[in-house]
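These are the structures in question, set out in turn.
In the two complexes below, chain A is the common chain; its partner is chain B in one and chain C in the other.
So, the complex of A and B:
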């Protein structure tokens, strides 16, 4: 558990997502990283159904799981408040179905290969919304360091050898919290940010059609 | 030339000895003859033969006896003469035998003996010269060591490791005050030996086991790792799960030996602490030599022992 940067890697026109993932994987293997299984981050969306007035937007709670913390469950509200709890929290959410209801076909998942390189953990995978491919996710974690501002230099050096200019700046979520002690909730927040971007993108695409 | 004359004189000597032996033999035969003649005597002849014949025979006998005695006298004289020329054999008989060796010219013994003698001479000369020079420049291993100080050195080392606990506590408190970004606490889970826990900013934790004021053991771990076992005891053995801190542990052990100063034990701890503080920029400083952050997926893990400049393990001189 150390500083983690999560990026969405753009898929160039005329290439399939799978091909780009393979290119990235080969690049990571060339660095000398060793495969160490798979990773999975999933995100469910719950919406409040009780509305005090018509003008107020329904409140949303995102429930995320990260395979890196298999015994934990992360709940993030609209206001990006994050609650870290045991996986039992899932059951509690289902008990609250009179107040919060799971949105249908809104489950997002990021799945892919996990690599280890010294004290780094690298992950490359594809993000999907309800089973359809949305984009590529690259995650790099540097385990020994707990403060993002300290290790950004060396993170950038490694990231740029994998994803190039995509990693010129730290991820926006991380940028705001660079100086605090890192916690896994920041990683999950980054994932949620990317998932929400994918959702918006697909929504605009649908409108555009 | 020398050998030739020697050989000649030896040959002469042998000739003399031969002569002497011959003379002795002749002398013996003549003396035997005389005794035989006298032994034969006149007795029976005088009885059986005529008086005249007997007188003749007596004359002959006396004549031959006289001549025999004369030759004996002559022989003795000659033997005497030869005996005077004989010299007693010298005690270095073997050397003479060597020079008598008929294949003398073909044996290189003499030249060999000569060269080895020269070599021995030269070696002796050089050895005495070297001894002279060495006695002028005595090899001193350390500036503190002097011939009469052997006992003192031992006493100093003892005092470095046998320091009252209060002194150690005081030193740790001073160090804690001196280094703003370092939190140093001390505990004694192993009896009188102090265990220093150092927390350097938000970068690393270090555990230093002291014996008196001598650093005995150093381990470095990440800021999110613990130096205690599950049941709350101090754990000085386990290593960090991160490669970076395993490497730094190794470097710290090397630095601990480098800063070891039995004569001024507190200086050793002070300089080690100062050196360890150099790791406060472990993740944020690029290598001083190659200017990069990463080498083999490791940040610059080495800090120069003098100026604390960061270097990769592969970049340090």
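So, the complex of A and C:
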């Protein structure tokens, strides 16, 4: 396990998401990376239904799963506090139906190919909200290092050969925690950040229409 | 009298005794006794014993007889007439009286008996004799006591030794083995199932009480076989002696498939039929264990795919560890029915260490089967290991989880251990050979005493005799980490390199290091003698190429600068020494461009020196001598 950067890759006008994903995949294969299965990150949203007063906004808990950590379940609150737990935590959330309810049609998923290239693990996939395509996600992990600031240069070099100028800066969440020891919860927070951006975008699009 | 005409009969009143009164008031009477019955009843009431004890010889009056007594007379025999006991006692009394009369006659009248006084020894009054006598009698008494105690002890010992009792022996058996009762039989289990084995073959045995005749026979044969009243019957397939034999053989190039014949070490023989049950059961259990081990290995040999296929032929598994080395695992099961193979002269060279670790590996498998971590919390899934449990909260990656799940087969583990053992012996051999054959730099090997079944280490020192203490720089040390099929070498300067299992590679490396060692010794000597090192190169590119590795060279100049020594050492080409001496020509053509006298001494030709002709024990002392000599000139 090492430092991971997650980016959303913009889809240029006039191209379908699937085509762009295929272009990226070909690019990665040209670098010499080997396919090693698929990856999947999913995110459920739970909202509190007990409200003490009308003015208070409902509290939200996001439950995420990452195929890279198959035995774990991540729960992130509004205040970006992250809990790493066993997969039994899902069952616990369903027990709390009277307090937290799953939001309908809010399940986000990122799915795609996983590649290995030396010490790097590359993932390219598409993010979808309740089944409809929302964007492209590119993830790069550098396994031997645990501190982001020490390996950012190396990762940037690789990332730029795949996604170009998108990866000029480290992802915003990673940027604040560059000196810390990296943990898988940071990866999941990055995914949640991107998922939330996609949600907002789709919400504004709908309003625009 | 008027009364004469009137008959008066004396009779008991015609009154019936009431036996019971029924609930309706009716009375039930007891039947009136007849005259004879009445008499018997009255005779019953007489206490003849009382008459004897109270008033002997007193005639028992009729009135007294009438006294009612509650006590029942015990020895009343109705067949004898009532006065029989009285008569007997009177007779006895008469006899006693006559005897008394006889005795009185004897005493009174001297004609019957004469009593003479008998002479008696007067006891010795001297204290010494008395003491002696007392001592004697005490010794006698003590010997009686001691012999008695001895006898008691012996009998006690015998009682405790002879556990011939079937039930005591059964309870001992019960303490050691698992037994249960099935209808009328006692059946035991000697399999490893309770210890975690999952082998299909069961190991039940039957316990019976041995027949008396057999027991006597075993006792008659001698003290070696312990007499036992208990007999165990093990299944026929578990009879005999079995063991797993592991052998690492060197074969020219092909696998040797012919040597799978059963070889029985002469010292090992089948268990005698009348053996003590403990040894019988133990050997049967061992047979079962060996069978399970072999079955497991054979199954893995068939399943596991490898570059060179493992072969299972009869009771033998053959695999290739290295080219030219094969590992054979043989299950030897000797039931006593096989034909005796004449003991061959070739000694059985089997590998005890590997056999032991094979047994250990299976025991570990059993242990893992049995010991399952308790669920934590209690409602969690059963059978999770602790690492698996914390995998979720610790966010372990997929890779870690895969590592956690994979388990190595017994066969691949034992092959790895074999590879390591072979490699270690090879290394040892190569180092020892070189240490013997190469005299000049001395090679010493220090084997690490702490090693595992898959890794061991050795530190090799290369030193020149007499110059060990010069400096640590003049001592070359190499560390070899011997792994499964590669050797990792950490050199003097900290560089590491990986060697394969071939002997030649290690040999070449050591030769190369020896060649470099010579150069570094020369360098050290030069430094101590105050000479100047002009060049030093451990891998020079000029000159003849070596068949492997590189040669090293050094050039040193004397303090005055008039003598230059060039030394070259290669692993195959050997050591060569050249000397150049420059005669100062400073006064011949002084030139203003030459500022220092040493610049005059640049030219000149090297001349080779035959190293063998130089005086000295080894190369270091030869060079030392030469350098000292040249400095003085």
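Convention: the second predicted complex is superposed on the first by the 209 of 209 C-alpha atoms of A that agree within 3 Å, B and C clash if a C-alpha of one lies under 4 Å from a C-alpha of the other, contacts with A are read in each partner's own complex, and residues count from 1 in each chain.
Going forward, a residue touches a chain if its C-beta (ideal position, glycine included) is under 8 Å from a C-beta of that chain, and two chains touch if they have at least 3 such contacts.
Everything numeric in this text was worked out from a predicted model, so none of it was measured.
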Combined model on chain A where chain B meets chain C, clash or fit: clash
Which of chain B and chain C A:69 touches, first, second, both or neither: second
Chain touching more of chain A, residue-wise (chain B, chain C): B
First (chain B), second (chain C), both or neither touched by A:10: neither
Touched partner set for A:154, first chain B, second chain C, both or neither: first
Partner chain(s) touched by A:91 [first = chain B, second = chain C, both, neither]: neither
Which superposed partner A:1 touches (first chain B, second chain C, both, neither): both
First, second, both or neither for A:145, with chain B first and chain C second: first
When the two complexes are fitted on chain A, the stretch of chain B hitting chain C, from 7-15, 133-141 or 205-213: 133-141
Common interface residues of chain A - those touching chain B in one complex and chain C in the other: 1
Residue ranges of chain B in contact with chain A within the complex: 202-203, 222-224, 242-245, 281-284, 286, 292-294, 296-299
Complex contacts: residues of chain A adjacent to chain C: 1, 67-74, 84-88, 183-185
Chain B-touching residues of chain A, taken from the complex the two chains share: 1-2, 31-32, 117-120, 142-147, 149-151, 153-154, 157-158, 181
Residues of chain C defined as touching chain A within the complex: 380, 388-389, 391-398, 400-401
